Each structure stands twice: as C-alpha cells, then as structure tokens.
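We just call them A, B and C in the order they show up, numbering each chain from 1.
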C-alpha cells in the first residue's frame, strides 16, 4: 500500500512540477506587459515588403494595449503551417497571410473569419484610410466569397509577373528586348547575354521546389505555350506536346543560361544575383521589381521591364483566425486596416522613397501618387496587372481557375510533386518522360481523390 | 666488448629515434586530418567576427570586428529562442535524471513478482528509443492544440523528458548493474532506506555513468529539432528552429548566420569537450553489458 | 540468509514502484500517441477536405503504399543512404579510433577536434554546409574552384544523395570514434603484448585481434547510429529539401511531406507505422547477423 502511495505521490509531484513550470511561464508572460494587453500573433512570410511592415509596425503601430508578435516564416513553411493550423482549428496565430489560392477553400470551410461585420462597423477614420473602393476589384474579389460578396481577407500587396532585365548587359551582348517577347525570344536573349567567362548569368528564375516557388513561373510558361493540366472532364493532360515544350523551355533556359545552383534558388537569391549586376533577365513577380531599384542595388536605374507572354496573379492578404477570442479578432482587424490602408502606403514611401518596401499592386491611388508613379516599374506593373484573366488561364477551355496554380486543395500536393519532378529533370536526375509520367500520375490522383472526376 | 655495447646502444638509439619520428609523423597526419574535419566549424566561428562584406569572400585572414556579434546579440527573438532552449536543457535533463535514477535502481535491484519482469520492462524502455518522432506527430499535434500546449514551454518539456528518459535509463542500466549486489544487500541490512541507499551508495558509485547520461541527454535536448519545429509558436520555439529558418529568413547574411550558428553550437561542444573522457568510458560500459 | 536480514529486507524492499513514474511518462509521451497513429492509419482523413469527412478505410492506406513504386524507391533509397553512411562511419571511425588509440603527440587535441561535429545541432550543420561551404558563389567550393580555374560543382543540386550521406557521416562518425575508442582502450594490455611477441603483423593485430574484441561496441554504435539517422530530418530539410525530385527523400521526410504538403493524415500515419516496422526489422536483422558472426569467431 505504502509503495503505491509513494509512487502516486511521485507522479503527482512530477505533474505539479510540470504544471508549475508551465504556469510560471504563463504568469511571467502576462505579468511583464500591462495587465490586459492583447498579443496579436501574425504568421507572415519573408518578403521584403512584409519585412518592412514588421519593422514599421513595431515602430509606428501604436494602439494601446495591443502587442504584435510576428512569426516570419519562409513561404513554404508558412503555407504548410497555416493550412495545418487552420484545418485543425489551432489558435497559434491570430492573423494569417494567405493568398487567393487558400481563400478559395478557406472561405468554403469556414477557416477564415468573415470580415464583413467588422468592415461595416469601421469608424469613419478607418473607412477613409482603408477606402475599399480604391482597391483593384480583382484583388478584393479573389479574397471574397463569390456568392455573397463578403470580404474574408484584406489584400496587403498584389503582384503579377513580368520580365526584368539589365539593359546594360543586353546592350553589351548586342540584343534588344522586343516589346512583347515570347519565351523563344527570351531564350535567345538569355543565351546571348550569358557569358560564363565573365561570370555573367543570362537569366534567372526560381528553381527551388514548391508549387509557390518554382511552380509559379513554371506554370505560367505552360500556360503561355498552350499547355493545360486538365481537360473539361478532369482528365489530367500533362503528357502532351504543349507541356513537353514548356518543360524543355524551362530546362533549356536554366541549363544553357541560368544560375549555377539552380534548384536552391528562391526569389531572395534571384534578387541578390540581379542586384550584383551579373545577370541579364529575371522573370518574377512585379512586387520584386522595386528591389532592383533599391539604394544598395548595383543596377539601380538600369533595369528594363517587359510583359510576360502569360503572367501570374497573386496577392498576399491577411485574414483573421475565427478561433481567436473576440477581443483579439477586433484587435487583429484594426491592425489589418492600418497595414492595408492608404496611410501605410504613404508612410512606407516616406521612409523608403525608392518604393522597394511599399505595398504595390493593390490600390489604384498608389499609382497616382507623385512619389510613386514615376518610379520605373510603376507603369509596367500596372500594365501587367491589367491584362490577366484569372478565370480563363489557358488557351483552351479548362474546368479550373487560377493562373499559376489550380484552385483546388489537392493542388498543393500535386503541384509540389510537379516541381520536385521539374527539379530532378532540370538536373538530369530523371528524363523528361519520367518527369511527365510522374506529374501526370500526381494530377490524375488529385482529380480522382478530390472527387472532381466523374 | 665495449665497442659492441656502444654499437648496440647506437642501434637501439637509432631505432628509438626512428620510432619517435614515426610517432610524430602519425601525430601530425592525424592532427592535419582533425583540423580539416573541424574546419567548417572553425571557419563558422571566425566568420562571426567578420563584417557582411568580408564574409561574402571566403578567407581566413581578415580584420576581426564585433559588429556582427553586436547585431546578433541585440536581436531579441534570438535571445528568446536561446532562453527557451536553455530552459528545456536544464529542466529536461534534471527531470530525466531525477526520474531515471530511481527507475533504473528499481529495474536493476527490485525483485519483481514475475521473474524477468524487470528485464522485459527494461527492453520495453529500450525499444521506445526506436520510435521516430514523426510517427507520433499527428496525435501530439492535435493534443497540443486541444490543450493549448504549444503556447507553453511545459508541453514540449514533458515530451522531451518522455523521449529522452529511455536513453537515460539505457545508459544508466549497465552502470547500476556494475554495483555489486552484496554492497546493496549489506546496506539494506544496516537499515538504509531506499532513498539513503540511492543517495549514499548508488550515486557515488556510478558518478561517471550519471554524468554520461546527463550530458548526452542535455546534448540531445539542446539539438532536438523535429518536435520543437512542429509543436511550438514563435514565443516557445527553440534554437534549432531559429537556425533552420535563418537561411531563408535573412537572405544571405553569412556573417550573421555564422555568429548565430556559433551561439547554437558552442555550448554543447564545450560540454562535449569537457566530458569526452567520461563519455568514452560511459558509452563503453553501456556497450559491453547493454 | 539470517532471519534478521530477511526481516530487514522485508522492511525496506527495493521499491519496484520507483519505475512507475518513468513508465507513465514514457508511455504517455510515446506509446499512447503511437497507438493513436496506428488508429489514424486506418482512416481516410484529408485535413484540407473537411467536406469529405473522416471515414474508416481499413487497410486501404497500406495497400496504397504497397502498390506504389514511389514508396519502394524511397524505402530502398533510405536503406541505401543510411547503410552507406553507417558503413563509412564504421570503417573510418575504426581507423581513426585506431590512430587515436596509439601513443602519439597531440592526440588529445586531435580527438577533441574530431569529436566536435557530433555535438552540433543538425539544422546548424545543414545551414552551415549549404551556405558557407557549398555555395558556388560565396562558399569555399566556389573559391577553390575559382582558384583551380574550373567551374564550381553544385553539390546540392547534382550530388544530393552523396552529399546527404557525407553529411550524415560528418556528423555521426565522431560518435563511432567515441564508442570504438572506448572499446580499444578497454582491451587488456597483455593480450596485445602476447600477440606482438607471437609475431603478429600490424594487419593481423588490427583485424584479427582488436576487431573481434570490440564487436560489442560496434554493435552499439551501429544500433544508435541507425536509430538516430532514421529519425534525421533537420539536415535534409535545410540542405537538399529532399531533392532534386525525391532523390534524397528518406522515409521520415516522406512522412513529413505527406502530412504537410499532402495534408493526408491517414496516409502519413500508415507510412509512420510502416517506417517503425521496417526499422525494427532491420535492427533485428543486424542483431542476428552480428550474433552469428560473433558465434563464428568464438
């Protein structure tokens, strides 16, 4: 008997000890800040524009009793964590940075808070500074419920894609960028500019696997070359000549004229490479353009822009976790209004006149500001944003929407597998036939398991 | 006669010199290899004292500066990660030992009702070492979410104890086996209670083993990544998580990266250096009878 | 045993119950979740499709993998990569332990330096090698290639598997040295003396005398090495990310991807169960093989 009791006691001691540790931890946290301070946790990505938001928010966002806690995650990490958290109803974060891809099914499944009630309750001051009518309708629509029109996330910055090129290097190589280049043109220019001996790379693109990484430029190449992923009956159509051509194009560009560590490149590495003045062309998001004009860039003022044959459309918006407490939700919404407002655009432009850290691609008014409209990338960005059709991504009719992705939850896995095959194909680990077969299988499986295929 | 002795002397001296030379060559060869092996770490520590511009070019000679270190140490989030890791290492190792020592003591010396129950319990403990954390991630994730444990350090601490106790017991077991049964018997006849027995006899006799177990557990907890990565929030995450995100988060800041990496690996390395002799002894004992 | 002694013993028996807290904690932290994992493995549960619901699907998750060539490829690849790493660790670890066991100048410092990588966290190892050493622009590989006038090799992209094996070895060989050195130091001096008096050559000494005497140590090093390499995740995540393609996936990484990228709880759980079973089987096989070898020697 005695033994049992002593054992029990030990277990108890241990548990209380543990609880005490945990409790102490909690206690310490709530003690330090003033009593009813609300901590709003924000899961966000490591993009230059967002990094600037983190910095400015900590300096200038001054709402009594609210403390902001940013988790800056790599893009792939953010997606994985956010999806798992949202689907299991976690409360680790109060605000998630998500895009139209997530919005599609997050709204359906109730993983994002309906912001309409909050928007209706806004103060006049908030209303004026947020000014929803000023936001491009396409951006707001992609984050709203298509049936009721209720807004579920506020867009922070938006992007399309275009070519950015180093005019000097192109001149040196004796080539010019046509007004509306095709991918074949781009390949020729890239190869002409590439000069291994001088250490000059012809062209760079994201190469790191992940549907939001190398997947983004790659799928738009497929779209541009007439490929598609499904026919109208949801049969996967990866093993086709159009797709084959696109896969070859991507590989040829990067192998014949691309960066060295192809499959480790995310946009951050691309920025470094371009800014060092040793790379001819970069195909990426319009929101990255401003980085090339930043003060520490060696190619400031030497950058030309050209529209993509078929671009992508994306925006990073903020939505509120429906499982957070009401207090936190309101505090989170107030912060979002601040961050997505016109005033924030002004503030960021004031702090960094180069525009490199100003949220772009969301508001018409940004492109009318004196301080912004003459920046070299402003007009090309506006053009790129305007000629995209989110609902008709391909030349043929397809059953899905989305430009650089397919708006079904299963695309995350299929798209990741596709980019993994792509990386293996680019580095000659597998042949094109193997890569296409694997991708075909992944998309076929997605359509079947998702229940789209009849 | 004398000549012969001298000759033999000279010959043996020459042989000795040759042997000596061989020793030195061997020493230099292995030292060179060791330096080569250690080089990435060495270079990382050095790079922490470079400016970002210097760090972009691999070189060993440079002007050392503390600028980067100041930047890193001023980074509040980094300090927070470090604090969390220290919390887990100290408490986790402590609890592992406090629970592990009596448990091993019972496993070794207690008479179980069924013959061999102790043995099979011990085997059960050892097999749990095999379990990859990824195999239990989903249930843990859901539990943590339900109980809101990822907002606290306690939850992860509990898991660390649970996952490292078997290792601790495995290492302690053979040392405890080495304690002669007669000593324990005699002490008991003298009227020692169990607590006294553990404190006065077992612990002093198995110091090396306890040191080894404690150190290894501390190093493993310090370096644990997977659970820390998936079951924490920003406020409760540990150093390895910070390191994993660093590369992508901060762009290509090699000097900063090096300084942070130095913080992440110097403490366990010093641990290891100090304790290498007892580790060798401890692991060996574990090997022979384990 | 005298009566008094027996009485005393009855009064203060060794507490069996001391083992209870440890059992409870270990069971709660590792066994209960694993049982849940086994239950999950029989479910059809995709967390990004709550509209499809959670249904019992029996063995279909297991059948999915058994009929999937991708699974066999990754399984084989895991075994080959870990096997190659362990074998290299064993061979090089033994050779280095032999050298460090001799009476040579500076052996303490050499030993200290060689042991260091073992104490470094795997994510640091990964980030360190990837950016500081292997980067073709800013790393030593780029510099050395420049200096030799050749094009830098991008190891992460083109030699992912050997790279992962190499990093496994870099990190775990010190552990092997540690254990084997302990074994070598434990060999009684008179055995070696007699052997050298018998005119044993160096080769015979190393492989016929010393090697059999530290079999136990090798077994322990192999076992622990295997266990921890199977669990290894941070190193792959921070260097190759499993790529290119799935060329450097291990089972652990595969589970992670199935869970986070595929969001498929049922399949990830099934894969976890398979991984545990495969690991246990392999360890058992190693155990048996070693026992047989040892029996043959003795």
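Here is the rule we go by: a residue touches a chain if its C-beta (ideal position, glycine included) is under 8 Å from a C-beta of that chain, and two chains touch if they have at least 3 such contacts.
Predicted model, so just to flag it, every value in this text is computed and none were measured.
Q: Averaging each chain's C-alpha atoms to get its centre, pick out the one most distant from chain C.
A: In terms of C-alpha centroids, the chain at the greatest distance from chain C is A.
Q: Pick out whichever of the two, A-B or A-C, is joined by more C-beta pairs in contact.
A: A-C
Q: Distance between chain B and chain C based on Cα centroids, please, to the nearest Å.
A: 15
Q: With chain centres defined as C-alpha means, what is the inter-centre distance between chain A and chain C in Å?
A: 36
Q: If you average the Cα atoms of chain A and of chain B to get two centres, how far apart are those centres in Å?
A: Between these chains, centre-to-centre, one finds 39 Å.
Q: Please set out, as single numbers or ranges, the residues of chain C touching at least two other chains.
A: 15-18, 21, 25, 130, 259
Q: Which residue numbers or ranges of chain B touch two or more of the other chains?
A: In chain B, 99, 158, 252 touch at least two other chains.
Q: Mind pulling the chain A residues that touch 2 or more other chains?
A: 14, 84, 88
Q: Note which residues of chain C are touching chain B in the complex, please.
A: 4-5, 8-9, 12-19, 21-23, 25-26, 28-34, 36-37, 40, 96, 99-100, 102-107, 109-124, 126-133, 138-140, 142-143, 170, 178-179, 181-183, 185-186, 216-217, 219-221, 227, 230-231, 233-234, 237-238, 252, 255-256, 259, 265, 268-269, 272-273, 275-276, 279-280, 283
Q: Which of the residues in chain A come into contact with chain C in the complex?
A: Its residues touching chain C are 3-4, 6-7, 10-11, 14, 80, 83-84, 87-88, 105, 108-109, 196, 208-209, 260-264, 409-410, 412-413, 416, 420-421, 423-430, 435, 438, 449-451.
Q: What residues on chain A touch chain B, complex-wise?
A: Going by the criterion above, the answer is residues 14, 17-19, 21-23, 25-26, 29, 41, 46, 69-74, 77, 84, 88-93, 266, 268-269, 271-272.
Q: Which residues of chain B touch chain C in the complex?
A: So the residues of chain B in touch with chain C come to 23-24, 26-28, 30-31, 33-35, 37-38, 40-41, 43-44, 47, 55-58, 99-100, 102-103, 105-107, 109-112, 121, 125, 127-140, 143, 158-159, 161-163, 165-166, 169, 184, 188-189, 191-194, 219, 222-223, 225-226, 229, 239-241, 243-244, 246-247, 252, 254, 257-258, 261, 264-265, 268-269, 271-273, 276, 279-281, 283-284, 286-288, 290.
Q: Which bits of chain B are touching chain A when the two form their complex?
A: 91, 95, 99, 141-142, 145, 148-155, 157-158, 233-235, 245, 248-249, 251-252
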